[in-house]
Amino acid sequence: MLNLEIIIFGALALITVVAAVMMIIARNAVHSALFLVVVMSSLAVFFLGLWAPFIAMVQVALYAGAIMVLFLFVIMLLGAERAGARLLLAWQAPLAIGLTVLVVLLGALLLLNTAPFEVVDLPAAEITEGTAEAIGQALYSVWLFPFEAVSILLLVAMIGAVVMTRQETRQEARDERKKKSL
Amino acid sequence: MLESYIPIAMLFILATVLAVFIIVLGTIFGPRRKSFRKASPYESGMQPIGPGTRRMNVRYYLVAVLFILFDVEIIFFYPWAVNFRALGLFGFIEMLVFVGILLVGYIYVWKKGAFEWD
Amino acid sequence: MDVGISILVWLVLSIVLVFMLLTGFAYTTLLERRVIARFQSRVGPNRAGPQGLLQPLADGVKLIFKEEIIPASADKVTFILAPLLAVIPAIVVFAVIPFGSSIELFGVKVPLTLAPNMNVGILYVLAITSVSVYGIVLAGWASNSKYSMLGGLRSSAQMISYELAMGLSLVALVVVAGTLDLNAIVEQQKQVWYFFLQPFGAIIFMITALAEVNRAPFDMPEAEQELTSGYNTEYSGMKFALFYMAEYIKMIVISALSVTFFFGGYREPLPLFLTQALPFLSVDHTPLLGPLYFGLKIIALLIVQVWVRATLPRFRYDRLMKFGWLVLLPISLAWVMITALVVLLRG
């Protein structure tokens, strides 16, 4: 079923790129976020094709799920979903298109210069590298230190989030007091 | 590898087709008598005052951030839980340290009143 | 197995699955109305057909012929997309839930799971659960109405908060089971259900699952007394029906998941001596009984959900969030560590 793999990859790659472009073009921030969800979800399928089911599921749960919900919340928090005025500067669009063409050409050049690759496929039951079991064995022995370091990172993020939003509530409290004194 | 996920893709397509079909069914058979009052958002029979979507409380943002952080933590639990018997005491202590550090954050967040909705 | 045959098997299985879910949805609404009526000393809908059995059909036909109103200020595309995004994840979760072992059909061995032995099964369930927030939050936003917005925000914040404790309760299960594969988890419960090994995990899972599907006492998004109908205030006709369908299919899904994780899945709910005396009652002997047992267990849990709704009043929103973050999350975390410790000590 070698061809199937390539067909799925090609179709999804197309969807991903189109969704990514639409994400940039869309004038409504919520629509942009939704296109980003599409990108994240198709990336998950790419991970499946790369024999990494665990990462694929995490990709959906964390990126397509959790992080995009945060993005939506932030968009709604700011109440800035509809970009009214044209914020784009005149020179930005041609520059962006030019850079995109350059990157695509560079990528094509690189691809042509590498050795032809081979698609290997195995049934899911025989793949052991990307499963939760294999990742656990590696993560909790060889990569022990990075794993514990992640907890520090999460701790810092937690404190950061609280500090950032606390500022807001203190401001609110001040406003409240002002209102009462008036 | 992708082959084992074909049934899921099929169910997904089937579910999508069904849901779209149901919506189309409603648009075909439902009557259409538009009126200005009907198309205005519900506000207990009043004229809507101000925009429907307005800026929301920052607490929702905090909840979403904390959710992501704890969700990452929980994702780390899974590879550990699957291998728990093999990892044994060493694995248990590893996770205890991980949870311990995060617990500091949890207590900080709690004491700062992030879970208070007033 | 031949590729053509396996594709045929998957197609048939997914059609059967979707059909069963639709029927299940229709009759869960009736079940809920009848059972709740009993709790409130009423009769409930009993006019359409014998015992009201045709009531869901009548409701469906009625909704088809209802006018669909899209508010003028709504974001049309997202407004139509939201009910789709609510219902699709609810159905797709079922791909990994085993509803039977495997049966022999025309000489082909058919596993009664759409995607059997998936080695990341539980993570798949969690991934789909986390995507199912979109339907609600987008419905709230796209309607451009105050009640919808508030309902959508509240329920999405509630869903993500309870997802944490839900994930942790399943971690404790995985520590004991040592696998993420749902079929394997069911087979491990041949002798003793995980409910008896993981009582706290099971209870936390069921509480959080109720919150996850926004059922009473966590039906915050609806809260009809304060938010009229929450995120689906502006929806009518078949789009409303889709949200309704999503809610009831999710009820079935969480019952099916609870059964699979904690109540022995499709395995016979009978004591061991009985299956030894009458071996034809066991799933190993008669695989066709698997879906039957599974269905009966699901119905039992559905009735429990209705019972909960009839008994408990709704949480206040601040209490609800506090309960999720300050009670369920620490308890489930502690339960994971206790489970790990017990597994460690018992070797």
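For clarity, chains are labelled A, B and C in written order, and residue numbers in each chain start from 1.
Keep in mind that, in the parts below, a contact is a pair of C-beta atoms (placed from the backbone, for glycine too) under 8 Å apart; a residue touches a chain by one contact, two chains touch by 3 or more.
Remember, it's a predicted structure, so these values are computed and weren't measured experimentally.
*Asks:* Should the pattern of chain-chain touching be classed as line, ring, star, complete or other?
*Replies:* complete
*Asks:* Go through A-C and B-C and name the pair with more C-beta contacts between its chains.
*Replies:* Ranking A-C and B-C by C-beta contacts puts B-C first.
*Asks:* Using Cα averages as centroids, what's the distance between subunit B and subunit C in whole Å?
*Replies:* That gives a centre separation of 15 Å.
*Asks:* Could you please state the distance in Å, as a whole number, between where the Cα atoms of subunit A are centred and where those of subunit C are centred?
*Replies:* Distance between chain centres, rounded to whole Å: 28 Å.
*Asks:* In subunit B, what residues contact two or more other chains?
*Replies:* As it turns out, subunit B has residues touching two or more other chains at 4-5, 53-54, 56, 60, 64, 66-67, 71, 75, 78, 82, 106.
*Asks:* Where does subunit A touch two or more other chains at once, residue-wise?
*Replies:* Residues 1, 53-54, 58, 61-62, 66, 69, 73, 76, 81, 124-125, 132-133 of subunit A each touch two or more of the other chains.
*Asks:* Name the residues of subunit C that each touch 2 or more other chains.
*Replies:* In subunit C, residues 118, 123, 130, 141, 149, 153, 160, 180 touch at least two other chains, as defined above.
*Asks:* What does subunit B use to touch subunit A in their complex?
*Replies:* 1-5, 53-56, 58-62, 64-69, 71-73, 75-76, 78-80, 82-83, 86-87, 90-91, 94, 97-98, 101-102, 104-106, 108-109, 112, 114
*Asks:* Give every residue of subunit C touching subunit A within the complex, in rising order.
*Replies:* Against subunit A, subunit C makes touches at 3, 75, 77-78, 81, 117-120, 123-124, 126-131, 133-134, 137-138, 141, 149, 153, 156, 160, 180.
*Asks:* Provide the residue numbers of subunit B that touch subunit C in the complex, in ascending order.
*Replies:* 4-8, 10-12, 14-16, 18-20, 22-23, 25-27, 29-33, 36, 38-44, 48, 51-54, 56, 60, 63-64, 66-67, 70-71, 74-75, 77-78, 81-82, 84-85, 88-89, 92, 95-96, 99, 106, 110, 115-118
*Asks:* Quick check on the complex: what are the subunit C residues that touch subunit B?
*Replies:* 7, 10-11, 13-15, 17-18, 22, 63-74, 80, 83-84, 87-88, 91-92, 94-96, 114-115, 118, 122-123, 130, 141, 143-149, 153, 157, 160-161, 163-164, 167-168, 171-172, 174-175, 178-180, 228, 233-234, 237-239, 241-242, 245, 317-318, 321-322, 325-326, 329-330, 333, 336-337, 340-341, 343-344
*Asks:* Note which residues of subunit A are touching subunit B in the complex, please.
*Replies:* Residue list for subunit A touching subunit B: 1, 4-5, 8, 45, 48-49, 51, 53-54, 58, 61-62, 66-67, 69-70, 73-74, 76-79, 81, 121-125, 127, 132-133, 135-137, 139-140, 144, 147-148, 150-152, 154-155, 157-159, 161-162, 165-166, 168-169.
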